[in-house]
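In what follows, subunit A forms one complex with subunit B and a second complex with subunit C.
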Partner chain A sequence: MGELEAEKHVQYILSVEKKKDDFESVVMEHLRMNGAYWGLATLDILGKLEIVDPDEVVSWIMTCQHECGGFGGNIGHDPHILYTLSAVQILALFDRLNVLDIEKVSKYVSGLQNEDGSFSGDMWGEVDTRFSYIAICCLSLLHRLDKINVEKAVNYIVSCKNLDGGFGCTPGGESHAGQIFCCVGALAITGSLHHIDKDLLGWWLCERQVKSGGLNGRPEKLPDVCYSWWVLSSLIMIDRVHWIDKEKLVKFILDCQDKEKGGISDRPDDAVDVFHTYFGVAGLSLLEYPGLKAIDPAYALPVDVVNRIFFGR
Partner chain B sequence: MVRTRLCPSPTRTTSPKPWTISELSTEHMSAPTGPSASPLKPSTSTPAIILCGIFGVKYLSHLMLTCMMNWISLNMLPILTQKTIKFDFCRHHRRWVAEKLGADATSKELEFTKKILSLDAKNYHAWSHRQWVLQALGGWEDELDYCRQLLEDDIFNNSAWNQRYFVVTRSPLLGGLEAMRESEVNYTVEAIIANPENESPWRYLRGLYKGDTQSLVNDPQISSVCLKVLSTKSNHVFALSTLLDLICHGFQPSQEFKNAIDALKTPDSDPPDSGLAKAVCSILEHVDPMRVNYWTWRKSKLPAQAA
Partner chain C sequence: MHGRPRKAPKPEEAAASAVKAANLRSLQAQFLHNHHNKTYTKEALDVSAKLLEINPEVYTAWNYRRLAVEHNLSQSESDPDSVKSILSEELRVVESALRQNFKSYGAWHHRKWVLTKGHSSIDQELRLLDKFQKADSRNFHAWNYRRFIAALMNKSDEEELKYTTDMINSNFSNYSAWHNRSILLSHLLGKRVQGFFPKEKVLTEEYELVHQALFTDPDDQSGWFYHIWLLDQTIKSDAPFLISSWPAHGFDLIVSVDKSPDGRASSPFTSFHSDTGTFPLILYFSQAVEGVNSSTITVESMLNSTNDLIWRPLSTNNSGTAQAWATNLNFPNVKLHSLETYPVKVSLGHSQGITSSSGFHYSHPSQFAFTVCVRPPNSEHGERQGVENILWRDENFHIYGTHFQESIPVVSFDQLSIKEDPEPTASNWHVQTIANEIALFRELLSEIDCKIGKLTLARLLMAHDTMMLYNSPNAYKVVHSEEVLELYRGLMKLDPSHSRYYKDEHSLVLFLQVTSSRESLLKHCCHYRDSTSTNIGGHICLRLNNLSLSRIGSVEQLLWVQMLDLSHNELQSIEGLEAMQLLSCLNLSNNKLSSCTALEPLRRLKSLKVLDISYNEIGAHSIDTTRYLCSSPLSHTFGGDWSFDDIVIDDVKVRNYWEAFVIFSGLNLTQLEVVGNAITDEKFKSFLVKVMPTLKWLDSEELH
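Up next, the complex of A and B:
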């Protein structure tokens, strides 16, 4: 089996951070906040976060905040719950949550809860269980979960549960590993995992492993490294990770590396990007690959960061 | 080594700002018949000048922006790397506009998602939007047939199976799950026999008995499709796991089942007096080694009467 080219991935991430004018950067400009989280979280898992200047990052993050308290994906971009969580997560990585007006951010996020307990992504109203997870994760990190109706939030998530044990984006939506991660994560953070049939969901999740050892997100789809996170963290949260073949998955992730230029792609020999680099490295951390910091499966932050936030150490 | 194919971009929800109805001021109107009190809902075939007159320039430029975005999504997809620009570029924005148009938008929105799905039949956001349209605006009449078409194109399309379930359980035009059960079981059994390795119809079959395990166990069609598949040369995994679940819920297998399982046993099998369920678990450990830990666990959890 190959090895993790940690140093190459670090260089790759630093190079992505510098690029702002090529096609891919321009097309992704509006989600730079997400990209920053993926890149910086990867550096932290690889034990290299200290090479980044936190002041520069924090200052850029704060210029993305709007009057309403929400954060946009980049300077001048509209606020959305997606970028708000990434902003909070990055600040958590740097132990700079103290720069936030926590009441302001909490008010923005909690204001996005709807009557039925669901969450909208922004003021224009799109509803998706992804946003339920984001709201719950974000408010939990800010110690402000009491600002929302947790019971209604949980009930809405449960209404998105399907007969196969999985969860979709809205009631009746197809079970999808990404949505499952969000729902399981939200239920884990709110202490509501008893709503899940762990055996049934665990089986659906372990059926995501295909011959190559990689994981897909739905039946009959191709494997993709990002599911190394979403499927794996879900399995860990419901204590069923031993139902997949871990060794084969490690090999699949390692095969998705660009060993020359660094970075990880969705599947072997495809072009790399920072999104898949993060999920590949995070997945390896969950699989206890040596030399990586442990990562929390629910908060998607290194365990030492989560401990610092919740236990002050 | 040159890597060319860009990975699909992660889900985005950019939201170009739609104007609220209150901003569509009637003061901007220059309709042929002069200012009118109530804004009319334009059909998409309404000439641009009247659209301008009724709703003002803001709405028209808005519609043009949407159309341009959609044109890019639909027509540039084959040119640009597939999935670089995803439908969700302006999905929610479309939904906002459709909501304002009401039932007039139904067929257009269903047609739009159909176009997306013709390029990417499992596009999660297209299916989500289609489900929203059906529930908010209607248009259920042809949906089951649409699912049938998609499954004819690709019987492995899990999204189409999910949509089929959505229609069968939620359509106000069909009789509900129990009324549809028999015909759906027939349909699904046929799909299973054609491709027993297909995960979706096996799950769909169980879904048809939602909450009613006893009926699942008692339906001879369920157990017999398991037997049929087990008597073929390969692709036994889902048949075995379904049979296992039936036995765990009280199904009493006949001698035919015992013979079929015997034929699949491996040389290092359990002792001959072990129960059938245990034998099924052992076979699964062997034919589905990726999930050996799961099947071993299942073996350890067999109910007393099944073990």
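Up next, the complex of A and C:
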């Protein structure tokens, strides 16, 4: 299986930033803020964040902010909670949260909470437990969790719990590993993990591991590197990660590397992208692969960044 | 990107891709220009439509179209034809965007938005859904949209249930349909809709349906989780009930202020030493409950002068709910040679208030009684000489004689027989159903060796034993544990990737086996006597060392334990120990505990004095799997805004040891062993000494 091609992945991430003209880059343009977070977080886990000029990144981020306090996915795009979290996470990576008007950002995020405790993604009212996680994570990083009704937010998430122990996007929605990460993460940050049946959910999650060692996101689906993150982080937060075979998963992720040009793909021999490169490297960090910075399973940021925010300086 | 092959594009492909990219870029630029200039003409709308048909994920373009629709609707002055044509165009754009990417959140949401404007016919939506659900029967966007439509058109749960039946019958391997079925059926059962009552009849039919799926392809996971849910519906009793207590019913407790010299106590199992003048009263319920307080629990005795006992939940979270609850009862200072006995009567369930997390009330009024004898202080011994150093050496443990057999306080289910209104918790139907399932899975396993068959059989056998134990505690003995242990050992070999899941389950069965009878428990009870010490204390130690245990179970049977040896196991978690309020000496050495936060349950143990956590893996892991199961500022569960940097103890920044600080600052240990952990060095040890002023012994060295 070989080793993690750390240096090649660094080069790959830097190269993605440069080639803006191929079709895939244009397709991804509206979510460049997410892309920046995936790329920069990968560099930080690999211990290479210093090769990026923080000033350049920070000034670009700030041009994506709107009057309402929310951030768009790129210059000219509308504000949305998805990109607001990525902006906050990137600023946290660089220890630059002080450039934000924190009241304004937290007002935008808390303003998206609905009467039933759920969150909309933006002013157009799409409701999803992903947005509950994003709001809670974002406000917690800004020390402004008191701006929302946490109890209602938690109750809404609990109302999306299924009989298999997992969670869906809205009440009645099918369990899905990505959605489970969001709900478990939000419950972890709000100290509400007691709402989870750890053994039931843990078994469902550990059964996501298929013969190849990779993890899928739902029963009877194909494995995919991005689920290394969604499933692993959830298993870690409920202390059940020992129920999967970690070595086999490490091998699966390493098998998805492009060993020539760098980058990681969803499955072996597929085309690589920044999204899967991040989730592959973050997954290896959760698996305690040597030489990587540890990542926090709830805030999706390196542990040293999270500790800096919560334990003062 | 998903499922795109990794290969260098051929020159002609690269050229075509460049053309496509240029086209898309130009559409995007034109669209953003229109958006920023609020241009909502037909031409401008066509640009955004073309863009979305190529890339439905450009969320700003959907926002733009909604602004345009609102603008154009306000211009149309509610002319029905133009309203219709504006909204129809939106539905058309959504449909072609979904053809490009049926997982596009933005496209599905846009369609919902259009529908809330009161357009489109339900039939049209159902036809569209049918198309997408046939193309991909697992598309959860389509299933979510289906629920939205069903609610919009007031389609009944029965009709939707029929749809899942059809989907399942055409393909058993459709987890989405099984999932939807479980949701619908819970609604129907909960509301007792006609045809869905009694529950037993419905569940019996569901078992038949899922058997077909499981027996058609036992390796397909779709039916597994549904079967587990049915099993859970069958065995779980809604209302919580009491399963054990300490002191147990009929117990004669002896409490004393000083340690008992050997021979004065009638039995070390029934004597409890306390230097605070109180002893705990513990209640253990069948499930986590809230509302345990002095108005729901009546304690009648001469011991407590007021009735306002403070009950505390014994859980490691701040939820206010717990399976085990404790309070402290005072005992009076008695004079020499006065051996007075105080009766205590505990009643619960006489008024409502104790409820499970799902809202069910404790509904069986019950009571139990015990006596307390306060032993006067032993004047001959006078002041205690220093603090004893417990040495966990084999030679200090002596197999316990059988002459105290009569007083060992186990099989506490006995007390259930004193319920005022005895009512069996399991009906014939429950017992019969589990028996049928057991027979069926035995039959499956006689034909093929399959994982789900073994696992389900193991779970069924355990469910059977537990059900029978609660149902008739005096008549039933755990009978299946050997068979279940064998099944789990088989599973470890059959499915090695999940071997540690099976190992955890195996441990729980072992705990059940050890605690299931007096005989088996006594085999693990030892008398502790340190040959070098002058103190001849009457410690009884439960020794569960060297058993390959990886997690803790059956705690409700172990509430009486004061000294516990769990060393040389494979414990990674000690969840459950928080209920063992009498514990004063605990040996966890040579296990797999991998962080300080894993010790969170110990923070609830107010009597704990002696702790051995040597030779574990604390500090050896970069990822802490109990980081969020422990109170801390990360989860907003550590009262107030802590700035850990403000706490500096002799040059050691608390921030570097915040986990250790959170755990150990709440303990009152006199003796601690930490050697053999990655975190342990001189700096850490001096930190511990500062955090725990009560500490007298650290790693076998006496502190001064």
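The rule is simple: the second predicted complex is superposed on the first by the 311 of 313 C-alpha atoms of A that agree within 3 Å, B and C clash if a C-alpha of one lies under 4 Å from a C-alpha of the other, contacts with A are read in each partner's own complex, and residues count from 1 in each chain.
Here, a contact is a pair of C-beta atoms (placed from the backbone, for glycine too) under 8 Å apart; a residue touches a chain by one contact, two chains touch by 3 or more.
Since this is a predicted model, take the numbers as computed values, not measurements.
When both complexes are overlaid on subunit A, subunit B and subunit C end up clashing with each other.
Applying the stated contact rule after C-alpha superposition, one finds that A:T190 touches subunit C and leaves subunit B untouched.
When the two complexes are overlaid on their common chain A, residue A:C206 makes contact with subunit B and with subunit C alike. Looking at the shared chain after the overlay, A:E67 reaches neither subunit B nor subunit C. When the shared chain is aligned, subunit B comes close enough to touch A:N34, but subunit C does not.
For subunit A, the partner that touches more of its residues is C, with subunit B and subunit C as the two candidates.
By the touch criterion defined above, A:W243 reaches both subunit B and subunit C.
When both complexes are overlaid on chain A, the residue A:V26 reaches subunit C alone and has no touch with subunit B.
Look at A:E56: by the touch rule set out above, it reaches neither subunit B nor subunit C. Once chain A of one complex is fitted onto chain A of the other, the partner contacts of A:E115 are absent, as it touches neither subunit B nor subunit C. By the touch criterion defined above, A:L163 reaches both subunit B and subunit C. With the complexes overlaid on chain A C-alpha atoms, the stretch of subunit C that clashes with subunit B is 218-226, out of 218-226, 380-388 or 650-658.
Residues 24, 27, 30-31, 78, 80, 122, 124-126, 128, 162-164, 168-170, 172-176, 202-203, 206-207, 209, 218-221, 242-245, 248, 258, 265-266, 269-273, 275-276 of subunit A are contacted both by subunit B in one complex and by subunit C in the other. Across the interface of their complex, subunit A is touched by residues 1, 3-15, 17-18, 84, 91-93, 95-96, 122, 124, 127-128, 131-132, 156-159, 162-163, 165-166, 169-170, 198-200, 203, 206-207, 210, 289-291, 293-294, 297 of subunit B. Note for the complex: subunit C touches subunit A at residues 1-7, 17-18, 20-21, 24-25, 28, 32, 35-36, 55, 57-60, 62-63, 66, 105, 109, 113, 138, 140, 143-144, 147, 173, 175-176, 179-180, 182-183, 186, 220-222, 224-225, 228-229, 232, 288, 315, 317-319, 321, 496-498, 500-501, 504, 572-573, 575, 621-623, 625-629, 631-637, 642-646, 655, 658.
Subunit A meets subunit C in the complex at residues 21-27, 29-31, 72-73, 76-78, 80, 122, 124-126, 128, 140, 145, 162-164, 168-170, 172-176, 188-194, 200, 202-204, 206-207, 209, 213, 218-221, 224, 236-239, 241-245, 248, 258, 265-267, 269-273, 275-276, 285-288, 294, 296-298, 303, 306-307, 310-313. For subunit A in complex with subunit B, the residues that touch the partner chain are 24, 27-28, 30-31, 34, 78, 80, 82, 121-122, 124-126, 128, 130, 162-164, 168-170, 172-176, 178, 202-203, 206-207, 209, 211, 218-221, 242-245, 248, 258, 260, 265-266, 269-273, 275-276.
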